[in-house]
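Next, two complexes with chain A in common: one pairs it with chain B, the other with chain C.
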Partner chain A sequence: MYQAIRQPLPISLSLVSLATAAAIGLPLLLVCFMALTADPSVWSRLWNTRIPELLWNTGTLALGVSLGTFLLGVSLARLVTRYEFPGRTVWEWALVLPLAMPTYVLAYVYTYLLGTGGPVESIWRWVAGPEAQVFSPHSFAGATLVMTLDTFPFVYLLTRAALLNFNVSYEEVARACGASRADVWLRVTLPLLRPAIVAGLSLVILYVVSDFGAVSLLRYQTFTYAVYQQVTGRYDQTAGSVLSLLLVLFALIFLLAERWFRQRSRFYQTTGRYRVPARKTGGAFGSLLITGYLGLVLGASFGLPVVLLVQWTVSAAAEGTVDPRFVGFIWNSILLSGLAASAAVLLGTPLAYLASRWPSKLTILCLQAAYAGYVLPGPVGALALLVLFSHLAPFWYGTILVLIFAYIIHFLPAGLQTMEPALQQVTPNLEEAARSLGLTTLGTLRRVTLPLVRGGFVAAWVLIFLQCMKELPATLLLRPVGFDTLAVRVWLEASEEYFQLAAPAALLIVIMTLPALLLLVSKDWRAA
Partner chain B sequence: MVLELRKVSCAYEKGRPAIADVSLSAREGEILCLLGPSGCGKTTTLRVIAGFEPVATGEVYLEGRLVSSPDLLTPTEARRVGMVFQEYALFPHLRVAENIAFGLRHLTADQRDAQVQTMIAMVGLTGLERRFPHELSGGQQQRVALARALAQKPVVLLLDEPFSNLDPDMTGRMREDLHNLLMHTKTTAVLVTHDHDEAFAMADRIAVLNNGRVEQFDTPEAIYHTPATPFVADFVGQADFIPGLVQNGKVVTEIGEFPNQAGFQGGTKVVVMIRPDDVHIAPQEQCSARILARQFRGSENLYTVGLPSGHVVHSSETSTSVYPVGTPVELQIIATHTVLFEQPESPRGSGGTLAFTPRRGHA
Partner chain C sequence: MAFRSVWSVFFLALLILWTTPVREAGSAGERLVVYSGRAERLIKPVLDSFQAKTGIQVDLLSSGTTELVNRLQAEGERTPADLLITNDAGSLERTRELGLLLPLGIKTVEQAIPPPFRAPDNSWVGLSGRFWVLVYNTTLIKPNEVTSILDLAEPRWKGKIAIPNAGSEYLQAGISVIKAVYGDDRTQQYLKGLKANAGTDVFGKSSQIVDAIAKGQVAMGLVNHYYLYRYLADHPGAPIALLMLDQQEGGMGAIMNVAGVGIIKHSRHLDAAKRLVEFLAAQEGQKLFADLNKEYPLRPDVLADPSLPKRGTFRVATVPLAKLGELREPTMALIEQAGLR
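Up next, the complex of A and B:
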């Protein structure tokens, strides 16, 4: 990068970012410290009772969901990039909609659908006889199904982008070498998509191992659920921290895998003349088959759940069973999320700014520390803050301050990812050009820097805000007494299987998440 | 004929230049060049031969077998064509030896290894078998792409601008190596290029394409010395067009008289194509032609000479003949053959293109 006259590193900004980084990195360090200094007896007790089961459950769930999302994601991506059928572009967009569905919402809808006496069982008995059984939602199969339907868009999006950027020459040269179409797909296309697919799967696994909402509603014992139970049921923070450490390691592996494969995929996209791959048309029957498949996947993952939520909401409203405190819950959610998003953007700015303008070991380390939240699943972060505040600042414990802190740790990374590129396009040259044209420092900031970064910052704020709106585990563990948010209400009602009561809040969360999703996707879309 | 295209046309689609009535053929072992500016349809023609593009009219034959017609499109994998792309398209997930072996699945493992070794030795890559494509230089990558295409003993080898991704000083050697390799293996090849030097150096015959049509299909010498159209004349080398009038069986121009070899009628307005190597200049005080500019090119000096009418001609002189700009010079035309084109009615075609009616004059 071209660097003209170097201004000295601003001390005040450095201190702010150093403090932020320390505050954000602290909980992770604390959890590690607690786990590593725990009494060996705690380790051996957990090793003999919980850990094997949790490892097995978390591992098999990750594996099952990977397999499911791989099949769904890759096949869908191939259909929309290599075939032509009516409404293709609409489907192409619609297939990301399941990402707007928080896992706990999908889990609660499927608790109803697959439950005893539920619609799936009725249909199945009508088809296969009165004694036929469907698998229970509270099982490995149920959890795998729900998580697969919720996360396949990650694989779909990355594979689709890779297929669109695919250098068709590879396929053509393979065919010139005498390979059939199936051969080309298996020997050339799939291997070249591997980095994109693995990156997608790593995201999926990261999501699965840190998910709390679905596994808790489906009562499927994984690490996150176990940490939550240790903290709430047994008040055993040491055991909780041991399990947390394992969970963090688990998540870290897949986060690093995702980063690594993303870089490789950049390297795999060798230069070349870009040619749009020819799309095949399958005729009326083929189109029908494709549309049927897409409809089934999207219906199961988004369409049907939304229809049910609307139905329940309408009937709840008609029966007047909507909680009178409902408006209060909305207000709580908005207040918390708004405060957290604003604070995160404010704290993130010096971090990203210093790292891009004065890149040094220290400033980059600060920025990296802020990304710690990625490997701190909700319950773990909550546990760390619980311990931290109860020891250091007990008078703040149980206020929304702790909760906002938890949100910042958790969602600042996502915000930073949007803010960093925005800040990077403001090069020193631009500001120097403004200064040479007679603008003051403040004028430069107002007329050059701010207009350039505004879009990225607003996007970051919206992203963090909406993530906070649907945050569940930290809110459950850290909220002040009686201070319920929409997400908490959905979870509480759904745990009791009050499907109708949970619906209005769930529907509201889904609707509010949609803009964030579009924001996220449209960025990826252009890049593809 | 190993390869024959009969009046092939391709429908226009976005991003793919159409071609119309393209007829070409290649004998066994012949090297054919498709030469033309970008967007002229030369790559489309190559892709038609490979079977990547269907034809709207006409036929393509490989070894006498019909492979493309409006009703037939033999898939690429059944054509046995070797393909070398501009960017080589080496499979990044496979090693050099695996890339070369890609099309040899029908052989036993032993045969395959033997064939791969033969190819590696032939293109001079011994020792690099275990490398991945990104660990190779541009020239080495091109050799792997060649070896991969030749390993399956293709009916015809198709090369799409194979030298455009190489350093200029590398290109000369690679051209020579490729030429030797093709001669040695008696491979029929079709090479696409926009560089006439490359086409002259490599080709047995050249097809010059413009706007999707073949303007001329001939030997490199004929293309250069007796271009069929002003476009060809201009595209394959420096050419000046001097207007003249047919009088008494001669073409009279301001730089002298030329034989009316094309047999134009008396009174016809024509232009004479002059190449710099046909023009010799000598300083001469009384002359009205003057040197406007000199470009030193190492092995020659290229002079731009202004005529009293405002037209210019170029002259190629030896490296040591240096005259200052402004020198009055006498022009000597030493052409063994004269190329004439009829002059258009309007002063010049629009958009800077040369709009002449093609007519050919032979020596």
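Up next, the complex of A and C:
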């Protein structure tokens, strides 16, 4: 093994990665510290007033969305893997498109669609009589619908992958033993898909728990929304930090659950001879039914919203929205995201490099610390940075530096997930050869390793860049005053229900996210 | 050679040091930074008119009021801000208590704006008045069904009333007035009733409340008076109207708040900042500032928009505005104990 040739740890890289890890871990520690040292009366007051409601709301939303994404994701995956119908391969890829739709965009489209006097109500009244009511978008049902439509591709993608790798012999054996088709599906296939489904659901839950965009526009009280309200409405951030700690714990539980199930999924690797299951053809009627179902789901989650956004963008009301200021918003978005992505890749390199080439307790710990951002939902990270900077470095308070810092914390984990495998694929032998020919450690990294991992690192950069473009809560809370990005504009206009005015920025975000989606689907979709 | 280059660097440095403050002084009065808790479209036209008149450029930075105060505190003496404009006297008073504002001492302003609408030490002056009123859907509620704001906590209004969330400065100021008039216990009880009645109709923005009322999603709501006019301007004929509360004999009177301005203590452009305050308190500025949002000018000699209820025809709660700052924290404690969102 490589460690046998014990080379000294490069000091400069170690320092950089130690500093990065410390800087990223600090906000998390600060939130915990603030919450745990808070006056017990704050805890008891929150416990008596807010916490039960927030726990219930966040928990039921996670549960509802899990159920919805389970039904959609698994049924869609089964249809595209087990049935043959016209345009199947196109549908197979198109079903990931909803991931390009930030939750706040989908939420604002649905506040219009389901709102009083909106199209859904009009149609429903035409069908069911003039007094008929549609459920309000500002409710549990509304939030569940929006989040389900936005996140089902996670479950779909994982289940589809599992079904494609599925060894069909199991099903055949069950059939040969006399089980009905339904029996086989329920008692053989689904249990074997369980790890993939659960991993997908854990991702969905993590997404739901840390989402701010949809719940804020739908006024559905969850922990993230409550933390945001605390940060913007209070002079004292203690109560905010208490709610943050609970949110972090919530997120942590689901993150650990996901890890656990991902490890367990190893037990389900198929062995023996592998054959692709035969695809059934349902005939003209069956194909029509399948296409209708897929069209309905994709239409509701992507097609219809995009059509509406385009319509609003070219409408008279949005005229004048695309002015020099709008160009400024685009520039702000690109500048921030570009700086953050570059900084994240630069800082992530030593972390990933050291952990893969000099694996020791310290380097692994640094890498793990960098993953802290996963359990720091936007508003929580923002709260921690606000407190941190106002005490330690008020000089930087309210500059884009703080915001870039927040982005790095939040999206470095996604970047590292792409960078780590890229580094691991480069054999250390090449580096050893370079070293033996007289290059220094840093020189080897620069002239041998980095050129080899360029593709993976570029992918990481693009991923982080586009995540930053979409980011909302931290940007809202930390942006320099008057420094608006596209995402902020969408949210500000949409929260005043100026649907047309929000549309150009929203559409632009969706369009810009599409290339990243292709990257995700072809590489590491998990980072979304 | 080395000797000469060291000296030339030294002189260059001296030159830069010497010219920098001069350049700063030269640019003073040319450029102002305003932190504004007031929405951009309600303040920008006024500042543009000031800019056109004086040639002083004004950079406007709009954001949430509480966020801005937190920011000013964190920035301390490094703040780029010269003035703070907010929609809530409580926040201005709070900023004064934090020692972030400079007492104005401008004669013309003190003559223009009556004392109840200024800080005791003139750290801030009010610019326009706004009332926290009941807006109701005329097809769902009759105006004689509610007289006092306290009625809204009665069980019969369950599911009928919309309120802003606990972070709203308007709600905080309104509850502060109720607390000052009726005391803690009564306020606590009131808040619990209000919370129960509002249920999920707790909104982040007042415009959303009015929108929901007009669409009949909720029967009535507590908002500042101008939101009604703003909505009617976009939706003429919408079935909504406003009601000034607590007008009965011996009643508390309508809850008033002011939008106002203060000069930041660490401002480096005092003269220009003072000119802006003078402009805002002058007749032209007052009219512009108030009419943009259908608020009441605070100068007695400037008339309010004719579509508003005429000043003097209704009772106004007598709690001094400066008290709103002092009551803020205890009021927040009450609001949080009641569990409002």
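Heads up, the rule we're going with is that the second predicted complex is superposed on the first by the 493 of 528 C-alpha atoms of A that agree within 3 Å, B and C clash if a C-alpha of one lies under 4 Å from a C-alpha of the other, contacts with A are read in each partner's own complex, and residues count from 1 in each chain.
Simple rule for what comes next: a contact is a pair of C-beta atoms (placed from the backbone, for glycine too) under 8 Å apart; a residue touches a chain by one contact, two chains touch by 3 or more.
Only a predicted model underlies this, so the values are computations on that prediction, with no experimental measurement involved.
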Taking chain A as the common reference, can chain B and chain C both be placed on it without clashing, or not? Answer clash or fit. fit
Classify the contacts of A:Ser495 with the two partner chains as first (chain B alone), second (chain C alone), both, or neither. second
Just checking: does A:Gly482 make contact with chain B only, chain C only, both, or neither of them? Give me first, second, both or neither. second
A:Glu432 contacts which: chain B (first), chain C (second), both, neither? neither
Scan A:Asp39 for contacts with chain B and chain C and give back first, second, both or neither. neither
Name the contact category of A:Arg50: first (chain B only), second (chain C only), both, or neither. second
For A:Gly117, decide between first (touching chain B), second (touching chain C), both and neither. second
Max touched-residue count on chain A (chain B vs chain C) belongs to chain C
Degrees between the directions from chain A toward chain B and toward chain C, using C-alpha centres, nearest 10: 170
Measuring by CA atoms in the overlay, how small does the chain B-chain C distance get, in Å? 45
Pick out the shared contact residues on chain A: the ones touching chain B in one complex and chain C in the other. none
List of chain B residues in touch with chain A within their complex: 15, 50, 52, 75-83, 85-87, 89, 91-93, 102-103, 105-106, 134, 148-149, 152, 158
Write out the stretch or stretches of chain A touching chain B in their complex. 167, 169-170, 172-180, 187-188, 191-192, 194, 267-268, 270-273, 275-276
Could you please specify the touching residues of chain C with respect to chain A in the complex? 35, 59-64, 66-71, 73-76, 78, 94, 165-168, 200, 202-205, 207-208, 211-212, 215-217, 329, 332, 336-339, 341
Name, in rising order, each residue of chain A that touches chain C in their complex. 45, 48-50, 115-117, 136, 138-139, 216, 219, 221, 226, 229-230, 232-235, 239, 386, 389-390, 394-395, 397-398, 477, 480-482, 495-497
